[in-house]
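Both complexes shown next keep chain A, but they swap its partner, so chain B is in the first and chain C is in the second.
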Partner chain A sequence: MTNIFTEISPALRRRHAAETRFMWFGRIAIFIAIGFLVVMIGSIAWIGSGALKQTQVELSVFIDPQEISADAIADADYSKLVKSALRSRFPEVKKRRDKKNLYGLVSYDAAYTLRDKVVADPDLIGQTVNIWFVASDDLDMLIKGNLTITGDEKMRRFDDKQLGWVESLKQEDAIETRFNRAFFTSGDSREPELAGILGAFVGTALTLLVCFCLSFPVGILAAIYLEEFARKNRWNDLIEVNINNLAAVPSIVFGLLGLAVFLNAFGLPRSSPLVGGLVLALMTLPTMIIAARAALRAVPPSIREAALGIGATRIQTVFHHVAPLALPGMLTGAIVGMARALGETAPLLMIGMVAFIVDIPNSILQPATALPVQIFLWADSPERAFLEKTSAAIIVLILFLILMNLVAILLRNKFSQRF
Partner chain B sequence: MGEIPTAPFVSGNRTRRRLGELVVHILLVSSSLVAVGVTVGIVFSLAFEAFQFFKMVPWQDFLFGTEWSPQTAIREDQVGAEGSFGVLPLVVGTLLISAIAMAIATPLGLASAIYLAEYATPRSRNIIKPVLEILAGIPTVVYGFFAALMIAPFIRMTGSSIGLEVASESALAAGIAMGIMIVPLISSLSDDVINSVPQSLRDASYGLGATQAETIRNVILPAALPGISGSLLLATSTAIGETMIVVMAAGMAANLSLNPLAAVTTVTVQIVSLLTGDQEFDSAKTLSAFALGILLFCVTLVLNIIAQKIVKHFREQYD
Partner chain C sequence: MNMQETDTLSKTQVSARNVNVFYGEKQALHNITLDVKRNKVTSFIGPSGCGKTTFLKCINRMNDLIDICRIEGDILIDGQDIYDKNVDVVALRAHVGMVFQKPNPFPKSIFENVAYGMKIHNMTKSKSELEDRVEDSLRRAALWDEVKDRLDQPGTGLSGGQQQRLCIARTIAVQPRVILMDEPASALDPIATAKVEELIHELRENFTIIIVTHSMQQAARVSQHTAFFHLGELVEYGKTNTIFTNPIDERTQNYITGRIG
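Then we have the complex of A and B:
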């Protein structure tokens, strides 16, 4: 009689191998997904970290009294002063092309830096002062090592002569990379070295404010109605199906709605945070309602029965007892909804928040842009220097997303009650 | 009711209370109607503008035309002054990119859902699940940027090293980024579905001597199939409606092609490119975006309704 085990053991081994393979499929799938996440965030953070630093160039500028009239200090031609400072630093430069290249080392913002200095302190007129100027984006990229400086001279952004100037400035310690404050304190700019995210950030904050103020109350009230008051009938079923489907409508369709209704029919100001907030509010409303309903459902019926039992009306029961208990859960859902709205880009493109806006908006009616839209705009720019700005803006956006989600988690942990 | 003595001030109070409650009740009802209003608003605004469009371009040309080159005439007698509004190249492009995305997301999402639901220890599950969900929380503009910056050049490089011609804005690059984006959607929905398959089915299968993998393949997956297909439909609808990834990583030119290495464009890309920049609201070019919008809305709506029906039916089966 053959042993039954020797008979089945090859098959058993095969089956166990299949078992292990199967488990590894799952592990590999998770590894691929998380690996992609790590590579994506890691590489973007790596590129974006460059934008925290800014290259600056020190020049000694002779503030020529002949160029500045005493009664209109701010109107003088400061770019001329900066140019002559560069010329006197490199007296050997004579050809027109070379001079143009030389002036290109500092940002065109240098003239304004100088003007602000002189306006703030008119005593400087007639003196020679050392001032740090923001370098142009090309020089910035060169110093950060993002430009190729080998190969054919004509194909490069810096020819050997320019590299010589940079080298000589470097030897005098007249080139430094410093913390890039401008990135966090200024609005958008056509010049990558001057572009900042504050404008987009304020635009996003205003938009989200409008969005929250509209969708949170409406979402809560709708949830209270559906969960606490609505009888189960056809009409309320329709509302419910409708909300579930609305949550899955592509966001760009909400943008089309905003364009057709808020801009064309109501004539609200284009590109404004008001319209952006309205559109995002409509988009987040289903999420808010669904989250708020889940929070209300978690409040045990005994609370309601107790309140009703001592003579409260249904409205009193809900507003004095049920809703306050459900509020942390509702807020958590609201923050998650707002985090989604924070990253939303497509509907904002539809309502014109994609315009190039330098000023930092200070009301919900002014044209503005939003952080994700700013990322989209910068990602489209051809300049190499915008690449690190885009990545840095993405990191800022993701940090805020993480922050919002952390707040939501903390809120949930702090107020979560087991009944 | 019998004789219940009530002081006048109580009853006065009560009418005031009733009135207040009525106001609150109306407020509650109207809030819940906002959501319905939004749907009605979407349908009517899209339909209105699309109607204007179909007055200029016959709907047969729109739905069955094979050439898409929207333009407004600068001169009356210009060649091709009408522009052509055949939506087929866009539909094919959208389906191609969504199909690539689903081809990537389905195996990854299902395998991770099975692992999380059946194999993972509670501790590793508590770590892996939120990390996967980060993928869903990252704004799509980031995926678009990454696809255009890293994935597309990588595919192009790999392609040219083995002698393939790859467009710099290939459908494959956008599809891969989109696929990774929808992995958590599929995995978390399928995870829920697999978890709701009753334990008794597993126990019965183990009792007959099946291994865990055999149980999953032969018992749990067939039982969970309706729910899983619901989650796949929802993911497809997300992929079709996704905008930023394709705007940044897919092409603008409408090619009627099924080659994943070629540049194709999608419905959402065209909506964005038609409506950003200067618009006049009487041209067929601008209005065609709304016709595309209503097409997109209808397709995703149908997919969602079917998916929700399936999932709901599945839930009821095991409740």
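Then we have the complex of A and C:
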């Protein structure tokens, strides 16, 4: 007698095969997705990691007392001192063009580095001191191996004579690559070697703060009203349709709205995180409302009946019982909305946050830029060295996103653990 | 007012006069008139969709939550019209408690579940008084001994029968005059059902109880009066004994013998 449990009919075999096939399709899909992600993040991280290092050049500078007047130390021509230090290091350089190339080895920031040193310690005047200066972006690229040093001399950034200088500095250990602190502590700059991410980072943080403080409470209150209090009639349907439509409106339209209303009609400060946050809040609001309404709808009606049944008012019912249960879902909506706001560039372009801003904003009313806009600006710059800055800025943006989501997930877990 | 009327008033807690209920165009209840006696258990029986739960929800105005629901006629509790425009539904529901078909404790601690109603109605002056009242309510719901060591644990972690008794404790904690029960034992096993029925029996001393049930045995066991609803009409209302042994209406006869329903 055949065992009915071990005997496999062809039909059953086909069903099992279909199942296995489907499982493998799923695995392949996930594998492809992960592959793309790894390639993308990996290449960005690979390029961006260069920006963590910055080449520095050591020069011995004679701080000439004749160039510095004692009562105006800060006003002296320090770039002249740096240039003469370079000339005395390479006395063979005589031609005007060669001199210009020689001066181009260090960043124009070198003069300020020297000034700050002398202002901090006036006793240095008259001495010869060894100082590490930030290298220019071209030298930086050369040291990091991103420039071609073979082929036609005229087509290269560095001709053989310049390469000789670099080689001679290298042999004296006067060229080093160090951790690039400036990238994390300074604002934007036209010089890639001086450009930092902090200004954009603070700008983004302030903008998102404004955005969250507006859109989260407004979104949740709107959702609670629509879901728990408003009568279900045609007006409610109309509002719902409009909210759903608004969630799908291209973000640049919100930028135009912000330009017309917040800047032109209300006269709020251009390029400020306040206006950026307002615009992003408008953009995020529909997403938040939709997610919060779904979260409220998912709370079982029996909880409402229980509270109303012992004489809680509708407000008490909502805030004591329904909203706490819906909060994890609302926070998920907030994560999605804020993540979208974080990566948004287009609406910020319309309200002037694309401007070149060097100072780090310290209030929501000061001009600022945001991380995605900074990436856009750097990617647009012609200097080779901005490439790695762009990638590094993308990494910072992704880290910011991860950090933000982590906080939201922790908050969500904290709230959903309440039974 | 003569003696007889005073007597009737004092014995009657809830009285409905010509109540009609509509859901949109559809009429769910037709001209219901009945008097529920004080400190008695009254059960509403009838086949599904006959309007017994609808009528129950009219008594604490839970139907107000349904936008399309419209109610005509009068319902009086202790002689006061609860559909008067000056009546505050929140105050009404503090006096007319409700226990639902599915146990629905709040996702909070056992203590919080019972204390919540007293807190929102400011019924206690001190924390110790609140604790005493919580204990008292749990004792009266015959749940104290089972939960006294874990009052801070979630009410949703109890068994179904315990959850339902917790819901009853929560309801009696606010000291209502009337307790409405909507098939309170339909989601429970026979042992838990027996406990809830026993509890109903004890609570009768202090509360007027109206219970909707699908089980005729349960109606016979727990109630003194029974109302039979059919297709939105009140077919017959009287002493439980009479209804079950000697029904007047043919439809009641058919229902209790199992021919309809």
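By our rule, the second predicted complex is superposed on the first by the 368 of 419 C-alpha atoms of A that agree within 3 Å, B and C clash if a C-alpha of one lies under 4 Å from a C-alpha of the other, contacts with A are read in each partner's own complex, and residues count from 1 in each chain.
As a convention for this text, contacts are C-beta pairs under 8 Å (C-beta built on N, C-alpha and C of every residue); 3 or more make two chains touch, one makes a residue touch a chain.
Since this is a predicted model, take the numbers as computed values, not measurements.
S.K.: Which partner chains sit in contact with A:313 here, chain B, chain C, both or neither? Use first/second/both/neither.
M.R.: Both partners.
S.K.: Return first, second, both or neither, reflecting whether A:16 touches chain B, chain C, both chains, or no partner chain.
M.R.: In the superposition, A:16 contacts chain B only.
S.K.: Name the chain, either chain B or chain C, that contacts more residues of chain A.
M.R.: Tallying touched residues of chain A, the top partner is B.
S.K.: Check whether A:179 is in contact with chain B, with chain C, with both or with neither, and answer first, second, both or neither.
M.R.: In the superposition, A:179 contacts neither chain B nor chain C.
S.K.: If you stack the two complexes on chain A, which partner ends up touching A:244: first (chain B), second (chain C), both, or neither?
M.R.: first
S.K.: Is A:415 in contact with chain B, with chain C, with both, or with neither (first, second, both, neither)?
M.R.: Neither chain B nor chain C is touched by A:415.
S.K.: Touching A:226 in the superposition: chain B (first), chain C (second), both, neither?
M.R.: Once the two structures are laid over each other on A, A:226 reaches chain B alone.
S.K.: A:46 contacts which: chain B (first), chain C (second), both, neither?
M.R.: Touch partners of A:46: none, neither chain B nor chain C.
S.K.: Can you pull the chain A residues that chain B and chain C both touch?
M.R.: Shared contact residues on chain A: 313.
S.K.: If we count contacts the way the header does, which residues on chain C are in touch with chain A in the complex?
M.R.: 60, 62, 65, 67, 90-94, 97-98, 100, 102, 104-109, 116-117, 120-121, 154, 156-157, 167, 170-171, 174
S.K.: Taking the complex as given, what residues does chain A use to touch chain C?
M.R.: 231-233, 300, 302-313, 316, 320-321, 325, 418-419
S.K.: Report the residues of chain A in contact with chain B in the complex, numbered from low to high.
M.R.: Contacts found on chain A: 15-16, 18-19, 21-23, 25-30, 32-34, 36-37, 40-41, 43-44, 217-219, 221-222, 224-226, 229-230, 238-239, 241-246, 248-254, 256-257, 259-261, 264-265, 282, 285-286, 289, 313, 315, 319, 339-340, 342-346, 349-350, 352, 354, 372, 375-376, 379-380, 387, 390-391, 394, 397-398, 401, 405.
S.K.: For the complex, give me every residue of chain B touching chain A.
M.R.: 17, 20-21, 24-25, 27-29, 31-36, 38-39, 41-42, 45-46, 48-49, 107-112, 114-116, 119, 128, 131-132, 134-135, 137-146, 148-150, 180, 183-184, 187, 211-214, 216-217, 234, 237-238, 240-244, 247-248, 268, 271-272, 275-276, 281, 289-290, 293, 296-297, 300-301, 304-305, 308
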